[in-house]
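In what follows, a structure is listed as C-alpha cells, so that the remarks can point back to it.
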Amino acid sequence: MADQHNEPDYGRLIVQGPDRPGIVASVSSVLAEHGANIVSLDQASSDPPGGRFFQRTVFHLPDLAGRLDELNEALSATLGARLGLDFRLVEAHRRKRVAIFVSKADHCLLDLLWRQRRGEIPMTVPMVVSNHPDLRDQVRQFDIPYFHVPVSKQDKAAAEKEQLNLVKGNVDLLVFARYMQIVSGDFLSEVGVPIINIHHSFLPAFTGANPYQQARDRGVKLVGATAHYVTEDLDAGPIIEQDVIRVSHRDSVRDLQRKGADVERLVLSRAVAWHCDDRVLRDGNTTVVF
Amino acid sequence: MADQHNEPDYGRLIVQGPDRPGIVASVSSVLAEHGANIVSLDQASSDPPGGRFFQRTVFHLPDLAGRLDELNEALSATLGARLGLDFRLVEAHRRKRVAIFVSKADHCLLDLLWRQRRGEIPMTVPMVVSNHPDLRDQVRQFDIPYFHVPVSKQDKAAAEKEQLNLVKGNVDLLVFARYMQIVSGDFLSEVGVPIINIHHSFLPAFTGANPYQQARDRGVKLVGATAHYVTEDLDAGPIIEQDVIRVSHRDSVRDLQRKGADVERLVLSRAVAWHCDDRVLRDGNTTVVF
Amino acid sequence: MADQHNEPDYGRLIVQGPDRPGIVASVSSVLAEHGANIVSLDQASSDPPGGRFFQRTVFHLPDLAGRLDELNEALSATLGARLGLDFRLVEAHRRKRVAIFVSKADHCLLDLLWRQRRGEIPMTVPMVVSNHPDLRDQVRQFDIPYFHVPVSKQDKAAAEKEQLNLVKGNVDLLVFARYMQIVSGDFLSEVGVPIINIHHSFLPAFTGANPYQQARDRGVKLVGATAHYVTEDLDAGPIIEQDVIRVSHRDSVRDLQRKGADVERLVLSRAVAWHCDDRVLRDGNTTVVF
Amino acid sequence: MADQHNEPDYGRLIVQGPDRPGIVASVSSVLAEHGANIVSLDQASSDPPGGRFFQRTVFHLPDLAGRLDELNEALSATLGARLGLDFRLVEAHRRKRVAIFVSKADHCLLDLLWRQRRGEIPMTVPMVVSNHPDLRDQVRQFDIPYFHVPVSKQDKAAAEKEQLNLVKGNVDLLVFARYMQIVSGDFLSEVGVPIINIHHSFLPAFTGANPYQQARDRGVKLVGATAHYVTEDLDAGPIIEQDVIRVSHRDSVRDLQRKGADVERLVLSRAVAWHCDDRVLRDGNTTVVF
C-alpha cells in the first residue's frame, strides 16, 4: 500500500490551489533547475476550469536534507508568490508519528500494528490510548506504550485534557480505530493534527450509533465502512476510503458486525497508509487520493 | 439468473408465516404424499425463535396442471388451517407479465428487453409505458407495444387513470426502469400488483433527486444502485438487490452517472429476474431472496 | 462466518449420495419422528437428474447427546440401507481440533488465531507446526503450543514421521497457512484427516512456485488466492473458496504480494470457518459450499 | 469511461521509451514553449531504474490542427533525437474507426453499439463483419453496415482476404466481440491495426475452447473475462482489462455463461473505450493503462 521510495534523498512535493495554465510546467522546471529527478507525478483538477488544482510529485535529489531550505525558497517564490498555490515539501523517509485511540474492539488496532511491523504502513506508533484497559497486553506485545485514560460522562473534559497532554507535540496524526467516544470541538481545535476515524457503515448511510442494527432493520444487501477525517460535524468529515461486503437475509446483526469488521480494518489501514504517504489531499469536504 | 426448471410439470411452492417446529417436514410430507419430487428447497427463519418462517420449494409432479386444485386443497388444510401459514403455488412455466415504465433513459429498459429476448428473464413484456415519446422506436423494434402517456403536474390523476386502464388485469408486475415520476398512493392501491423501482444510489444514502450530484458533493468513493418494491414511502420500500462501483476524485457527476448506469441496469435486471422466479419474499420492510 | 447454532442439543446432519426422488422428505420424516426440529436446511443436486445429491440440515433435539445412537441407527436404516446415501451426524457444539502448519509468513496464521480468539471460527488449535522457528513467540502469546520440525531435502521422510506423531489422533483438520513444503503421498494417506491449503493465486492460473512473479510477468489486472483441499495432485485439489483484488501496472511484485496477502488470509479464514461448520461437502474434485 | 476533453484544440501526447532523468520536465517544457496548457498528465516507470518510461499528457493548444507539424517537429528533436523516446501526438476529437467482428452472440456487440450511440466510447463503427447472418437486423437498426463473410475450414484464406479488403485502410482498430474464429498470422501481419479480443475466462486460466465448461469442471468460485490484444500466440496477448463474478455449486455451465456474459461485455467495452482514448500503452507482453 505504501510508496516505494522511502529512502533518504527522495522527496514529496504536494501542491494545491487555484487552477491556472502552466502549473505542471512550473513545478517541473523548478525541480529540474535544482537537479531533482521526477520519479512519479499525479495531478488532478476539479472541473470546471477555474476550479482547484492538485499535484503530488515524488522526486530524487542528492543531499535532499541539506538542500531543503533552498528548494523551499525557490518553490515559495514560484508556486507561492507567483501562482498563489499552497505547497508542502517532505522528505519521504520521515515516518509520520501516529497515536491510535481504541476502546475494546481489537480488529482495526491489530491490523494497523501488524502492518506497521511488516513495513506496510510508513508510520511509527509512539502510543495507543484507550478508555478501557482490555487491549493493554496485546498492544504491549508489540512494544508499544498503552495509556489507559478512562472517560466518564461527568469528567469528559478532564479525560480530553489528559489525552491532549499525551499526544500534543508527540504525534502527527491521531487514528480512531473503533474509539467509541465523541470528542469535543475544543479537543479538535487543540490537538492540531488531523484525525482519521473509521465509521462502521457506508456513509452517509447509517450515521450515529449501531449502524449494523440500522442496516439489518433497513434490509440492505451490502454493508460497508468509511474512513474519514474527523470534523466537528459528526460522521460528516471528508471521506478518504470506503468499501462494502455482500450480506443477505441469512445474516444476523452479529454476522453483519463480523463481516463488516473485515471491511473496517482494511478500509482504515488503507486510509492510514495513504495519509502517511501524503497521498490524501483535502478539497473542501472531499478528498483527492493519489 | 433464472431458475432452470421452467418446463411444464414443475411447480413452485412459496410458504411464509409464523415459525414453529415441523414446517419443513409438513411441507415435504404433503408433497411426497401427492407424488411430487422436491427438486430444490430453500428455507430461512428470522431469529429469534418465534420469528417468521420462509420456504421456497421447487418440485416435479406429472400432470401438475391437472392436479393443482387437489394440491392446493391439501396444502390449505395442512399449512393454512393447521399451521397458520400463507402459501402460494405456481406452475414454473407460467411467465410473469411485466409492464415496463420508462421516461427518457434507455439503459435499464434495453437491458431488460435484451435479457428477455435471450431467455434470461422468465417474463413476457406486453407493453412499455412512458411519459415521453423518445424510446418508442427502440421498443417497437422488439415487437413490443409502446404507449405514450404524458404526465403533467396538473393532470397527474388523469395520467394515472390512463395508466391503470392499460395495466390492470393485463400484467403481474410493474417495473419502473428509471421512470422519473412519483406515483400516488391511490395508484399503488389501485394497481393491485407489485412494482419494482430502481433508485440510482445505494439506499438509504442519497434519497430523493439527483443522487449522483449528492454523491459527488459528499465525496463518496463508491456509487451504487438499489432495486426495491415501491411503497407509499418514497425510496423506503423493501430492498431486493443493491450493488456498487468504485469512483474517485477524477470522476465528474457525468462520470458517476455513466458508471452508475452500469450498476443500475444490472441490479434492476437481477431483481426482476429473481422476482419472476418467485425468489423474493417480503418480510415486513425487508426481503428474503433465495 | 460461523453457524449460529453451536449450543448443546443442536445437531448437524450431512447427507450425500446418488440423487433420487424423496430424499428431502425421508430426511425430514426421520428427524420429525425423533422429535427433532429443523432449524435450517440447505440442499443441492448436481444436474442432470441421475446426478448427486447433497443436504445439510441443522436441527434442535432435546438431549441430543443421549439420543445420538438411536438417531444414527434410524438414519442408517433409512438413508443408508434404503437410499444408498452417505450421512454424517455431528453435535454442533463440538469444535473441530485444528493443527496449523506454517513456514515464515505470519499473515494467514495470525488471522486464523485472531478469529479463533474472537469466536469467529468454531475450532480449537491444539498446536502450530512449523519448519522454521520464526513465529514461535507470536504463537505462544496465544497460549498455543508451537512445535518446530525442521524439514531438509534429505530427511523429509523423518520430518513427516515426526509431524504425523504430533497430529495423528489429536486433530480433525490440518491447515497449511502458507506452509511452503510439498508433502508426500504417504503423509496424505497416513494423516487420516482433511488438509486445507491456501494457494497464492487464482487457481488454475499460476500453479507452482512464485505465482505473484508469474502474475506480474503475464500482466494480469487482478491477483487472487485459492483455498482448497490438498490432494496428491499439487494445486489441483477441490476448491473451497477464492477471491481476487485489483492490481495495475503501478504494482511491483512486492505490491502484488502485499495486496495478495490480504486476500489470502481472508480466503483461508473463510474456508476454515466453513469447514469447521460442516458447510463444505466434497463432490469429486469440486465442492458444494452451503 | 471516456476522456472528457474530446473537443478541437485538445491534444494527447503519448510518450514511451527508456527511462532516464528529466523526461517529465522535457515534455512539459516543449509543451509550455508552444503555448500548450497541460490539462492532465499520467506517468509511470517500470522499476527498476533503467526500466521503461510511459507518459500520457492531455493538453489544450489554440489552433492545434494548424500547429501539429510544428509541434511534432519540436517533440521529434527533443524526445526522439535527444532522449531516444517514441512519441505519438493525436488530436483528441478525432475518433478511432472501429470494425467489430462477431459470430452469433449479441451481448458484447450490443453493448459496444449502445455505448457508442450514448457517446460513452469515442469511436465510429463503419462496419460489423460476421461469419454468420444472425445479427444483421440488430446491427442495421443502428444504421451500421453489416457484412456477412462466411468462413469455412476449406476457404479460410479466401474469407480472410475478403475481410482484409473490407477493413484495410478503413479502420484503426478491430474488435473481436465474441468472434469465434482463429485468425491466421498472415491476417495479423496484413491488417496493420491492433485487434482487441474478449476471452471468456480469467486468463491465463482456461485458455482455448469452452472455458465455462472448464471452469465448471474445475469447480472455481469465480468466473471472469479478459480483454487483450491479439497476437499470434492464441490467448496470450497483452491483457488490457479483466474482471470476475462470483459463482457457486448451484450454477450450471449455462448459468456460468450468463453470468460471465455480463462480465464479458463490461470488460470489452472498458478496454475499447480506453484504447480509443489512447489510455493503453503496450509494454512488451503487458500493458500500462492510464
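By written order: A, B, C and D. Residues from 1 in each chain.
In this text, contacts are C-beta pairs under 8 Å (C-beta built on N, C-alpha and C of every residue); 3 or more make two chains touch, one makes a residue touch a chain.
Nothing here was measured: the structure is a model prediction, and the numbers come from that model.
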item	value
Each chain counted as touching subunit A and subunit D at once	B, C
Longest centre-to-centre distance from subunit A, chain (CA-based)	B
Whole-Å gap separating subunit B and subunit C, where each centre is the average of the chain's CA atoms	37
For subunit C paired with subunit D, centre-to-centre distance based on mean C-alpha positions, whole Å	42
Touching two or more other chains - residue numbers and ranges from subunit D	4, 44, 47, 252
Parts of subunit B lying in touch with subunit D, wherever the complex brings them together	1, 4, 106-107, 110, 114, 118, 120, 141, 252, 254-255, 258-259, 262, 266
Subunit A to subunit D touching residues, read off their complex	4, 21-22, 24-25, 28-29, 31-32, 37-45, 47
List of subunit B residues in touch with subunit A within their complex	44, 46-47, 202-206, 217-222, 224, 238-244, 248-250, 252, 283, 285-289
